[in-house]
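For reference, the structures are reproduced in the following blocks.
In the two assemblies presented below, chain A is common to both, partnered first by chain B and then by chain C.
Let's look at the complex of A and B:
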């Protein structure tokens, strides 16, 4: 029989290797999350001591029309950005996976670049470009004769939402395209050859073979984009709340409540509210994608 | 038949060219506009470079110490990336090569932390850092890079596939300690995984906005993204200065990307397939 703590058995050392993660997680991950929950049950302005108030913040949240509005705006912006984003990414991935296309790496690099640019910077850049009186977009549309008077983009709730959604779409389609190309390249070429031997046309191959085989990658992208899309913050913050708060996202509301109005305890309740909303929509998406199988 | 093929290929290239145009125009417009005076920016469509870059730059740097923010961001991004990569490699290697008790469960826990939305604990994070007297220091930003579940996942995959057990055994026979084996023998072999994770981590830290904004108060400690945001409100009608700020934020990324684009894109693809 082998002794439990033989000198050769070094398994125990593994704990030292993984310990920093768990210490880090406890201090900057778990403790803040639990503390936020505690704060959500109190009334605290940041100066005096927090006073326990039970579920009062959550009751307030359930009747907060601003909160529901931010859920709605976030969902609308997310849907308006994710649909064109995935279609564009898929189309480009299929094209760049074709053998005849030259300069593949060049196109991939150009399409991917917006994804690594600082979102705050993009927000500022696009808010300048879409400025009503001085922005280059209106100047361009006027010079090619599409419009006669400048459009006051950020004065209209739907234009504002479309602009925010377009910026998000513009920033992420390249990333999704790279993911789709990776998925396409993992499909074995034998499948295509077999189809070509059977005389299948290009369109049939794409519909009957490529898209079904790409499904898992597509779902992965969709589910991760729910989690990411519902937490939009940096770029929308720079583009502003929009008329009647029409482009205020959930995280913007959290930030404004906690760090601008210093209502930390209600902000904490909002954080948990957002958490529930995100989990809810992630579960629905995951469920819906499983039902279709 | 032949001409039909040519037509469809022409359409494909036109489509690619159109998307390329949409991707590049904002950056072109940004650089061109930053070289013009405010009066011209407000009244004309600008297509060619002007001569006002130096003046715009001067007005910006008089009010905002943007290079200080740049240096701060470089310091934070580099330090946090180094910590992030080192501890991810440490834990990934630990999970890969040591058969300790509850290994499977603990690894699942690590993966589970990826599901937590980043902003859930942000208010508590602020408060906990306040209690530890770490507000207005870089410690909170560096501490956050200690825990990176995705990095551990990536490193474990790599160690499982490419670090042979024999190397570790031979190190033990030579009398090396466990940590020494990791530093001398394993870490050099993890180069490719380290490079991939370092790129992701660096870009993430470089673009980080919310955490530095709430943790740091002193303007001289602030990071570049937060400075860009404050330039927007500070220079609300000075477009030239705002554009110069944006250019300073984008151009280094553009250079970094044009040098590293192959590595970055293959890293994204590898990370996505594994995830």
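Let's look at the complex of A and C:
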């Protein structure tokens, strides 16, 4: 007997239909990725021709304490931004999903606004607000008498990281809130009604029904934010390297190496280093989420 | 840290800014009343030797005023068409480098800003101007202006038409109030040495009850000292001039004595202080006049400029010929024109940009007056700088290493870090950015 699946018509016309994507991907995706790998095996400053040096750039990367520091900084900033961001988003989503809240569409729009602003603008905005000498935050704190001398925010590694983290938190909490609201609305009302009939309190409903049923949404936001968070770049760039490079993220380091120092070859090696780091953390996240099943 | 980034971003954008159509107010207003002493007759000769030039030139730049340059050249040579393509902002160098790598659709002439000229100067993309007779063009030049256009083997690769010297700009009214005079020479005398400057700064701070500072930032000394110290790299080795230690001590004293307002160069607060007079003396180059708020000519006559304790210059636009350009001869004629007294005389009158040609500078030295500066002779305060600054050729490390030093030392000044620790951190940064250099 012939297997069932062979009855499917395997006409090669199908390939034509999927070709546009793959051609596009090969030209603008795959080719640069492979070229970057080639460059990472050379020494090239952009002025002379690339010289093949083997794994030298990778050896250098393995011994590069600045690179390790950027991994650490990126993770710290990411954790400091993701935790309050998800809590805030979830709390607001729960509140705005209640029937008794008036004007919830208005608030959803308002909370989503920061996400429309470009990160560079946010970076500049925050850097002006927290400026040591002329920033509005210091002026405000001085005028209400909380501080006597202006605080040099960006001279302290932790303040700098908190500011960078809050820029990102402020930018994305609205987006995650919308995702959570979408998740909440997909939970069937029958479950809630059944719980209500059984006499469950609001708190119990949230703990026993809402949160467990939101798990797939959590996973989605978590994995996207791992990938996005590890690629932090534009907003922190506007705020600078920070004291002792404490707010320099991995991608900022890549940018500085390749496009400021014109060390394209080492920049390419850093790009592959970042790729491995991101893969590693994504794998951990994916695995952790599977364990719970 | 923010300071440093803003500074870097803005510094690297400085050429672009100057060119973004925000033409220096200084220039606009000085145009009407400026009186370069050149009479038409004595300036015609140098660049008219080839009467019938024909063809088309393409120039890439980040600087708006090149259009004027091109228009003047076309006017003089009706057979020539000059197309100026402007790419404002600090991405110009990346754009240029990418284009040079592909080797397609390239200009005949491209501009290079001082901040990155060192990276391009030894590359294969620039024509050797010495071989084309370029030495003749710069023989009367201010030494440092022509020096920066040379590759490491001493060949002339690029030419500038201006000299970008820096000095202290001040609001006359504020200067009278806190220094007791608005006379440039007297002020120059009052800040003739760093010790005098620090003592004066402490006095200004006390007199104003902490509201006014003498200078903008202790970090200004980086720019001033950068061209009064030895190159950062010698024979493949990092070279830290001992003067940097003296400078660091001075910077700490400046910070401790509240002499500076702690405002980073070209930041928003910096500009406000310059225009409002909460800082008495702002060190900046001659081309930065666009930072003065001169709407409806309201700043005309209100500013003066005095020499800094040491001469310095910041920024500068150089022009080179693409090595594979088919129009090299014509491109050379263009460079010949911008190096000529004819153009530089005109440009001084129109924009107030100081000439790069020393002969032109000296010819106007006693007569040139700027209306913007209340008819002050603005060539005089810079003249010593012009004469004495050593001619250094650009190398690929200088500006980048300076910005690393600026980053590490600025943090050191703010945190009162001991010099040895600063040097240690700095060496680590240099080693990381340029592993090929010896840092011990």
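The rule is short, and it goes like this: the second predicted complex is superposed on the first by the 275 of 293 C-alpha atoms of A that agree within 3 Å, B and C clash if a C-alpha of one lies under 4 Å from a C-alpha of the other, contacts with A are read in each partner's own complex, and residues count from 1 in each chain.
Here is the rule we go by: a residue touches a chain if its C-beta (ideal position, glycine included) is under 8 Å from a C-beta of that chain, and two chains touch if they have at least 3 such contacts.
Here the structure is a predicted model, which means the values were calculated and not measured.
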So if we stack both complexes on chain A, do chain B and chain C clash, or do they fit? clash
State whether A:276 touches chain B only (first), chain C only (second), both chains, or neither. neither
More chain A residues in contact - chain B or chain C: B
Going by the contact rule set out at the top, does A:179 touch chain B (first), chain C (second), both, or neither? first
Is A:152 contacted by the first partner chain B, the second partner chain C, both or neither? second
Touch check for A:197: first (chain B), second (chain C), both, or neither? neither
In the superposed arrangement, does A:134 touch chain B (first), chain C (second), both or neither? both
Touching A:262 in the superposition: chain B (first), chain C (second), both, neither? second
Who does A:243 touch here: chain B (first), chain C (second), both, or neither? second
Intersected contact list for chain A, partners chain B and chain C 127-128, 131, 133-134, 237-238, 259
Could you please specify the touching residues of chain B with respect to chain A in the complex? 9, 12, 15-16, 19-20, 22-24, 26, 29-30, 33, 41-42, 44-46, 87, 90-91, 93-95, 97-101, 103, 106, 110, 113, 115-128, 140, 143-144, 146-147, 149, 152, 172, 178-179, 182, 203, 206-207, 209-210, 213-214, 224-226, 228-229, 231-232, 239, 242-243, 245-246, 249-250, 253-254, 257-258, 261-262, 264-265, 268-270, 272-273, 275
Chain C - residues contacting chain A, complex: 1-6, 94, 97, 101, 119-120, 122-125, 261-263, 267-269, 272, 400, 407, 411, 414-415, 425, 432-435
Contacts from chain A onto chain B in the complex sit at residues 10-18, 20-21, 23-25, 27-29, 31-39, 88, 91-92, 95, 98, 100-101, 105, 107-114, 116-121, 124-129, 131, 133-134, 136, 139-140, 142-143, 170, 174-175, 178-179, 181-183, 186, 217, 220, 224, 227, 231, 233-234, 237-238, 251, 254-255, 258-259, 264, 267-268, 271-272, 274-275, 278
Give the list of chain A residues in touch with chain C in this complex. 45-48, 60, 64, 66, 127-128, 130-134, 152, 154-155, 160, 237-244, 247, 257, 259-263
